[in-house]
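Letters A, B, C and D mark the chains in the order given here, with residues in each chain numbered from 1 onward.
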Amino acid sequence: MSTDTNLRVIIIGAGRMGADHVERLTRRIAGAEVAAVVDIDLARAQRAAELAPSIVAASDIDQVVNREDVDAVVLATPGFLHEEALLQLLERDLPILCEKPLTPDSGSSWKIVEAEQRKGRKQIQVGFMRRFDADYQHLRGLFESGELGQPLMLHCAHRNPDTPPGFTNEMLIHDSVVHEFDAIRFLTGEEIKSVQVRLGRCTRHAPAGQHDPQHVLIETESGVLADVEIFVNAQFGYQVTTEAVFEKGIVNIGGDTGPYARTAGRWGGKVAQSFIDRFGAAFDAEVKSWVDAAKRGEIHGPTAWDGYAAAACCEAGVAAQKNGERVAVCLRPKPEMYR
Amino acid sequence: MSTDTNLRVIIIGAGRMGADHVERLTRRIAGAEVAAVVDIDLARAQRAAELAPSIVAASDIDQVVNREDVDAVVLATPGFLHEEALLQLLERDLPILCEKPLTPDSGSSWKIVEAEQRKGRKQIQVGFMRRFDADYQHLRGLFESGELGQPLMLHCAHRNPDTPPGFTNEMLIHDSVVHEFDAIRFLTGEEIKSVQVRLGRCTRHAPAGQHDPQHVLIETESGVLADVEIFVNAQFGYQVTTEAVFEKGIVNIGGDTGPYARTAGRWGGKVAQSFIDRFGAAFDAEVKSWVDAAKRGEIHGPTAWDGYAAAACCEAGVAAQKNGERVAVCLRPKPEMYR
Amino acid sequence: MSTDTNLRVIIIGAGRMGADHVERLTRRIAGAEVAAVVDIDLARAQRAAELAPSIVAASDIDQVVNREDVDAVVLATPGFLHEEALLQLLERDLPILCEKPLTPDSGSSWKIVEAEQRKGRKQIQVGFMRRFDADYQHLRGLFESGELGQPLMLHCAHRNPDTPPGFTNEMLIHDSVVHEFDAIRFLTGEEIKSVQVRLGRCTRHAPAGQHDPQHVLIETESGVLADVEIFVNAQFGYQVTTEAVFEKGIVNIGGDTGPYARTAGRWGGKVAQSFIDRFGAAFDAEVKSWVDAAKRGEIHGPTAWDGYAAAACCEAGVAAQKNGERVAVCLRPKPEMYR
Amino acid sequence: MSTDTNLRVIIIGAGRMGADHVERLTRRIAGAEVAAVVDIDLARAQRAAELAPSIVAASDIDQVVNREDVDAVVLATPGFLHEEALLQLLERDLPILCEKPLTPDSGSSWKIVEAEQRKGRKQIQVGFMRRFDADYQHLRGLFESGELGQPLMLHCAHRNPDTPPGFTNEMLIHDSVVHEFDAIRFLTGEEIKSVQVRLGRCTRHAPAGQHDPQHVLIETESGVLADVEIFVNAQFGYQVTTEAVFEKGIVNIGGDTGPYARTAGRWGGKVAQSFIDRFGAAFDAEVKSWVDAAKRGEIHGPTAWDGYAAAACCEAGVAAQKNGERVAVCLRPKPEMYR
């Protein structure tokens, strides 16, 4: 399609993320527009569609996916619904932005990878938005340029003020640490070899059945060690930080910024309270990048392979949570198409 | 017009700022599109129009301003051309985003204010983009809320790495300090009463005929004192900072941010090198805000009155540069429409 | 005397500063001991002398100043008593550490300078302790080395949480800004040429009769402009900062340090609450430097000339407070001995 | 002895640390003086003794230890000589400041603990100077007060610019990580239960036979997990940091401080280049505290038990270096005297 025409997008799933995509594509980002919103809960799809009169609401993908004027799809349903939808969408030549996870486990993710290979070209981008954050991109640049020498270690922390009801130990890996898995893979350009999880002392603010914080120790192919503090009931705010140790220097991202005050005996500023404060601009940049590439029939962001690898890391992580030992990450050989 | 239809905009002036607006409205910002680009140098207009096939290039406003499908105008020609263009554009009911200055002097600015009053509603927004910077807005919020008590002093610094050829002492006031005049007016919500300029010691990096840095001391109606260091050949980078002194605390904006490194015996990060690094997001937010308001026939940003007041401050500033004394700022009574 | 023997010191004045000197020389600093404490209030002298059994308490200098075993004197009485005491002490060959001010006015300070000249060598060090602060010394080094080019401007702030009863506008100059006068002279190595004071808006926390904050604009011989925010009821804490603008860079000292916390939605640390937090180490270093030099019959710190020049600046400052204009600082020619 | 009389100290060992103690006690710290310096290399003892005519130089402890006028001993010989010297010194009632390690292994350290118990009172302080650093003390206060809730994790880094020739993997634990073992015990007030060491990727700046950096994961009795990055050829400078994760907040110490500059496109300051820059004041405070307590016959700092526990941790650390697994730390029951 012409890069000057708006990309016409179907949003599948009108929950928080889906509705946010409707608003982003309609109100904030140039170059695209929402053709339709699909949600099994039609009323929810209709509410999201109210943003513009031209947006169609539907309760089933089939009602809209074959329309002539549809160019691309954003898949924002819960992860367990992804496999079926992705296989169906791959049949058409539509570019897909699939919110993470690609699928909930590495077995089904591998099926997507295989299906995409049969199509012969990359069609799916997975929603690891950190790759579009300016700080992560700067850090990635230092890994690539080698100006500080080789990378040796990473120290990562992922802190949430609290967790929604029902947030389990497994979700702590699948929903939170998964971003660290992808960020480590993105920064180092390497696959992850093993994962160790140690539980340590538990905060009184953890809900029943959840052990928080946890200490995750990750090793990449070349031996870069990355420790991750995952702490999802940290009370004080939302914070994601990475410290990268190179042979000739140490670089930190995710530090505290914003207006600086001295008042009531303290200096400093305000801590972010949600991932929107921290990664709002990255979400916009992610979708903008996907829109621009999709018009040219390309995928520039994380691929189905990245989604598959993340799923395999999560499985190792959950196993490591249970035994406290180092668990190897087993990956199938990487298909040529993703190299 | 419907808020769901794109605002169709003419860009007048295809220099650096104008071309940037073409790209912003075409590629980055949702809700608007460029209908035409006008520049007396038709080739330059044509280059800017290449961004989308639908953009018309013209060498004269008259060729495009009466088109049915035009909703609004961005005026990005040099300031000395603004008066004539604004008077002509006011005749139509088009919303106008006028890059600063409104006009180069308070006399002609007042004519614009009068013409707009005759129209009976605000139609012109002046391009003081700092008002759309997140930090300035946070600080403005503290002035409004009073949570730190009354404001007492401001310490401002405006530093450029260097200046283009021909940048005179007067331009130092009209092009650089003008932003501080507007920011001080925006933050305090008060008019400026007097300006004093002291020249002090001059850097060896100042070009012939330019005295740099200069020390500007500004007083608002209620007695808030604001000192401004204007230093346009500061070598190290681009930096704009404000420290606001309240009765119960001190707040700083514009501090150094970004990735933090320890390498080669030093800790810290990189300094911005241009106003784009520092205010790029503010420009986008400014235009986005203007587009959204323009669709509803409103102006939410700085008005023609603000452009007039800034021109009057600049005149006092230039006089103060010459005599080193405190020079009063003389303003006509503020018309009801701008209150 | 031998540099290995303790310097035996008389402390004159057993108020807060005097008692602190007794403790410093007795408990903290190597190389000296207190021989006697003198205070017109004998009970107060006796309390201060309790720190060591060897310390003699007296109510009159004459009772102890002629003792064989006395090597040096610290003068810590109120400033209005300094002139007489200094003239008497100069008669003996004792090194003197005189808490600021040298004397309360430039006329009497000049008499001390003349008397010291008649003695033919420097005997008096004035207690401007900032010269011994590590940050000020680092900054002084940058002025001397020229590695950032010539100095152009200084931005200074001096903030106290509040003031003791009876702290007048004049004291704001004589007790607080006086440190800035000396620091500016120390950093630039130049005399001060003029002082302007602007009152601006007054905080509600200022006691009756005191205008706070005030804005002081100082110019040195070579044209370096230094603005000083003096704000003595700043509530939030104690803070003294200097930002030095050089041709090739900007350097700040006095920024916020110490443990860094993220808690309850805020990042940052604690603000100092008194000059002891900020300058405690500088006081120790000052006295240690004086003790070591005194043993060799030398004075390495600020001299009687520096005390005289500070008094002259304060007089200009108080005059400028009253008229709001730029007031010239008039100094007699600098005697050869102080060059 | 009277707290007003100088404590007369023998320094045993006139190497870098010993000579530094001579200077500290003679020139910087009040309340003590050096009676004698002992070194098997008499010339070296004599050089150190030149600082004051009253200091005696000797090549053998026996020549000076029985002098009437000796009150205390600083033991600054290499660690393998400590056992014999400590057992001999314990026989006298002299307070001892023993530079770390107490002894090189937990077996011999336990003999010292036993010998001290037979004496019936604490006589030995071990030279873990971090306990006297203002930042570590502040952090310790937060552990004690519980104002941020319970401690959950610690993230520690210990970075040197480079290592002296012959610095082995074992020394990396015994000389560097040993400080982290003690700091973690000091902060948490708990014993260490296990140590894991992972080697990861090695910097090209590591000398042959040394693997650098290493990742140490430590667990305390209550389950607090502490990861330590030990990186002794980090090139950029010397840096020791601790981040403590509490239930209600995160606190960092060891961050970068000092003058702040913006120059040549960078903001920031200078990184410390040696442990003296970082812990110089802590060394002074440590010795001052020991001197003051010694005069009262007390020990307030880390004890022989702390030296023994550190030795046991180091042994576990070296074993863990070899097998990459979690190794338990085995401690004998803690004698009543040290509780």
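One rule holds in what follows: a contact is a pair of C-beta atoms (placed from the backbone, for glycine too) under 8 Å apart; a residue touches a chain by one contact, two chains touch by 3 or more.
Treat the numbers as computed from the prediction; the structure is a model and nothing was measured.
Among the remaining chains, the Cα-based centre furthest from that of subunit C is the centre of A. In terms of C-beta pairs in contact, C-D outnumbers the other of C-D and A-C. Rounded to whole angstrom, the centroid-to-centroid distance between subunit C and subunit D, based on C-alpha atoms, equals 38 Å. Subunit A and subunit C have CA centres that are 58 Å apart.
For subunit A, residues touching at least two other chains, in rising order: 235-236, 239, 248-250, 262-264. Viewed as a network of touching protein chains, the structure reduces to a complete graph with every chain in contact with every other. Of all residues in subunit B, only 235-237, 239, 256, 262-271, 273 touch subunit D in the complex they form.
Those residues of subunit A that touch subunit D in the complex are listed here as 149-153, 155, 157, 159, 198-205, 213, 215, 217, 219, 222-225, 227, 229, 231, 234-236, 239, 245, 247-250. Looking at the complex, you find that subunit A touches subunit B at residues 2, 4, 25-31, 52-54, 135, 138-139, 148, 248-253, 255, 257-264, 288.
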